[in-house]
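Two complexes are shown next, each including chain A; its partner changes from chain B in the first to chain C in the second.
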Partner chain A sequence: MDSTIKKICEGDVRTASRLIRDIEDKRPDANTKIKKLYAHTGKSFIIGITGAPGAGKSTLTDALITEFRKLNKTVGVLAVDPTSPFSGGAILGDRIRMQRHAEDSGVFVRSLATRGALGGLSQAAGNAIHVMEAMGKDIIIVETVGIGQQEIDIINHAHSVVVVLVPGMGDEIQTMKAGLMEIADIFVINKANRAGAGQLQTELSTMLNLSPQTADGWKPPIVAVGDAFEPATFSENTAELAQTIEEHHLYLKQSGKLTERMHRKAMTEIKDALSSCLMEPLLHSLITSGELEKLSEKIKNRKSDPYTAAEEITEKFFQKRRGK
Partner chain B sequence: MDSTIKKICEGDVRTASRLIRDIEDKRPDANTKIKKLYAHTGKSFIIGITGAPGAGKSTLTDALITEFRKLNKTVGVLAVDPTSPFSGGAILGDRIRMQRHAEDSGVFVRSLATRGALGGLSQAAGNAIHVMEAMGKDIIIVETVGIGQQEIDIINHAHSVVVVLVPGMGDEIQTMKAGLMEIADIFVINKANRAGAGQLQTELSTMLNLSPQTADGWKPPIVAVGDAFEPATFSENTAELAQTIEEHHLYLKQSGKLTERMHRKAMTEIKDALSSCLMEPLLHSLITSGELEKLSEKIKNRKSDPYTAAEEITEKFFQKRRGK
Partner chain C sequence: MPERKIRVMVAKPGLDGHDRGARILARCFRDAGFEVVYTGCHQTPEQIAAAAIQEDVDLIGLSCLSGAHRVLFPKVVELLREKDAADITVIGGGIIPEQDFSMLYDAGIKAIFTPGASLDSIVEWIKTNIKPD
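Showing the complex of A and B:
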């Protein structure tokens, strides 16, 4: 076995961290490593935690780590930060908050930000999860902000999705709820001691009762979590949340839905891999040859259009391959 | 000239709306139409408005329509809703808010949501903007929620980017500011009568003074806008915002930056078009042939991995093309 792979499978933190860094930096050999690692993955239970900025996702993740450790499970946490293509790693504060687990060898926390213009954050997240799976973590928590399509792609790497809402976040929360409704397995009403919590709970229950989703055997439960500054209630509530997640895990296994979700996850991964096998090398060659530059100039001056340009590029690409 | 193209260039609302609907539905002939339309685009000034949910973007857009109409400019508005891949068009409420412009033939408002699993919302937004350009709108406002990479891709279709912030949105607003910092040309502090507005302004000024961006000749101004329920102040503030946007437009033209941005926009459009020329047909054939299904099953059982699968698919795809 490749020594990197061996070390990661033994749980070596430094080797795992380096590979995650390589994935984030889109180093070409990272994919080769993931390929070799793949046979050692697929055994962890993956929990996605999503919600608006300010919903308290990191505090909840931190509390869940504590709960799962009490149950003697090892935990990996991946905090995905979609806002930092420009700043690079603004989520640092969250990692600091989780420092109290730093001494615990059963906990492995890493963050991931986008770098470079080609996107692929969802693929990077999927691969970073694979590293943690190979390390043998029982539970992996993926935390992200739940808005755009890309964030939904990231959360689709999870087997169980927890959507965190807070009372009084303004009327556009409606939009958020609508968008996240279909992917939620469990809802958390966080900071439930605040004004408006009761109303949010009622609204959510009504929406859930109208949803066709409830017909398939699992009705997403709503867990209310009080303020973290009231430790007794907070820890009671987060223990209940951990319990609810475990129940969902059991449901997924017994109903055959876990297999179904793993299948869907595999489909997403093929699509992501195709993009890096086909699109990325093509774009790379267009950029380095200066052809993208030339075509953009033509389009800017309306001497061509993007579709004609794309057809020309595709044609040339095939001719070149044929020539090989 | 194609009759659809002719009608759109004459400003026909029904034809334009139908094409935007076709773009949204990813109908294959929509791209062909955009190809023909392309020569008639590139003359409008495109403003992007972005910010967190609840920041008041729609109210501001509505006020800007009024201001630009006073200056006798025709306006197109595209509200892009990235949260609705599941619910389909949750942004409806915003369109209702803009109804007061419905009688004005100089204003054209449409919303856009993602449909289908293949993504491409940024490309759809770019094409919907082209339709409005061909209609001859002087100004096009693109409104979106400013979080993930996809939303940043959407906002990159704009020549001038307005980032809307509100005081007291919790500490993760820091993250947001960091992510949007580099794309902002103008900042709005909305609901500036609220507690914390002064602090937000100070923080923002400090960040702007530290930013290397200010070196290139344009230092993003900060416009404070009061509550919409105080009509006199609100309208004074939004008039100032419209004025600031006009100044930025002038700066872009005089400094040559407008050409630069149009060039960058063309590059994005080529990338988007390549994805629909190459990736989408490939994925489509994989899905309809059942091959994606079969490969996913193998990967789920760890009998293969996504990269090996992607390589096999790519190889087969080339062989098939060679055989043609």
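Showing the complex of A and C:
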């Protein structure tokens, strides 16, 4: 076995983190390594934690790590924070909340910057999950960037999705909207001791009672979690959340939904891989050969149009491929 | 091949809750195009070294205003060596008397920035000295 792959399968953090870096930095051999790693993946249970900025995703993730460690499960965490569209830099601050687990060898926390991805994750997230799977983590928690209504790539990567809401973010209409409110397997009303939590609970229940999801046997439960500054209630509530996640996992397995979700995940992975094998090199060659520049000039002067240009490009690309 | 993104960690070891400076630096590193992991206050050297390895950072910037730098800074370097991660550069800053500089350099701290150091000079140092392969 390749020595990198062997080390990762033995749980070596340094090697794993470096491969995640190679994936993020799009090193040419990263895909080769993923190919070799792939047979060792697919056994972990993947939980997505998503919600608005400041809703408490990192604090909840930290509490979930504690709960899963009590059950002797090993945990990997991928925490995504936004990249600056101006400087390309990022502040990766999620792990501040999780540092008490830093020395626990059963926990591996890795921060990712979005690097321009708009779906709430980073392009590297899917393969970074695979690296943690190959390390043998029982549970992988993927914390998205703070999101709004529609950045829901997490559903293509996680088995269970936890949507974290806080009181005071709008009226009942917000709970009726498409996107985020549809993807939850579990809702958390965080900071539930604050004003408006009861109302939010009522609105959510009303929305869920109308939802067709109830027909197939899983009605997303609502878990209220009190402020983390009151540790006793908080840990009681987060223990309940961990329990609810476990119940959903069991439901997925027993109902056959897990297979469905893994199928959806596989489709996403093919699309992502296609884009990395086809689109990226194609664009790269168009840029370096100066052809993109020439075509843009033609389109700008209305000597051509984007569709003709795209057809010409693909025609040439496949001709070259056939010639090989 | 696109260039590697520089990843740095800003960390505050020991019993020192004054992190205004560390936060300003973290922000300034963000604006310089680095990915910055910030771990918050009251960290043990063990937590810092473990986090740096998990995050695959190229550099750790330690900030200490409490006077414990003589013990805490070298400890971080030592732990990295133990964990086969001596390639992670460690620099330090804070209230550090000049007579401690040579002791810290000997312990493996690669640069020290004290009050008055400009943000630009720190960024410049990193860009010159950190070339991730």
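Observations on the model:
By our rule, the second predicted complex is superposed on the first by the 284 of 324 C-alpha atoms of A that agree within 3 Å, B and C clash if a C-alpha of one lies under 4 Å from a C-alpha of the other, contacts with A are read in each partner's own complex, and residues count from 1 in each chain.
Operating definition for what follows: contacts are C-beta pairs under 8 Å (C-beta built on N, C-alpha and C of every residue); 3 or more make two chains touch, one makes a residue touch a chain.
All values reported here derive from a predicted model rather than from experimental measurement.
By the touch criterion stated above, A:D25 is placed in contact with chain C alone, chain B being left untouched. Touch criterion met: A:G54 reaches chain B, while chain C stays clear of it. Judged by the touch definition given at the top, the superposed model places A:A39 against chain B, while chain C stays out of reach. Taking chain A as the reference chain, the count of touched residues is higher for B when chain B and chain C are set side by side.
Once both structures are placed on chain A, chain A residues 83-84, 86-87, 90-91, 93 are touched by chain B and, in the other complex, by chain C. Contact residues on chain C toward chain A in their complex (touch as defined above): 1-2, 4-5, 7, 26-27, 29-40, 43-44, 46-47, 50-51, 53-56, 83-85.
On the chain B side of its complex with chain A, the touching residues are 31-32, 34-35, 38-39, 41-42, 52-54, 81-87, 90-91, 93, 114, 119, 121, 145, 147-152, 169-176, 178-183, 259, 262-267, 269-279, 282-283, 292-293, 295-297, 299-300, 302, 305-311, 313-314, 318, 321-322. Against chain C, in their complex, chain A makes its touches with residues 13-14, 17-18, 20-21, 24-28, 83-84, 86-93, 95-96, 99, 102-103, 108-111, 113, 115.
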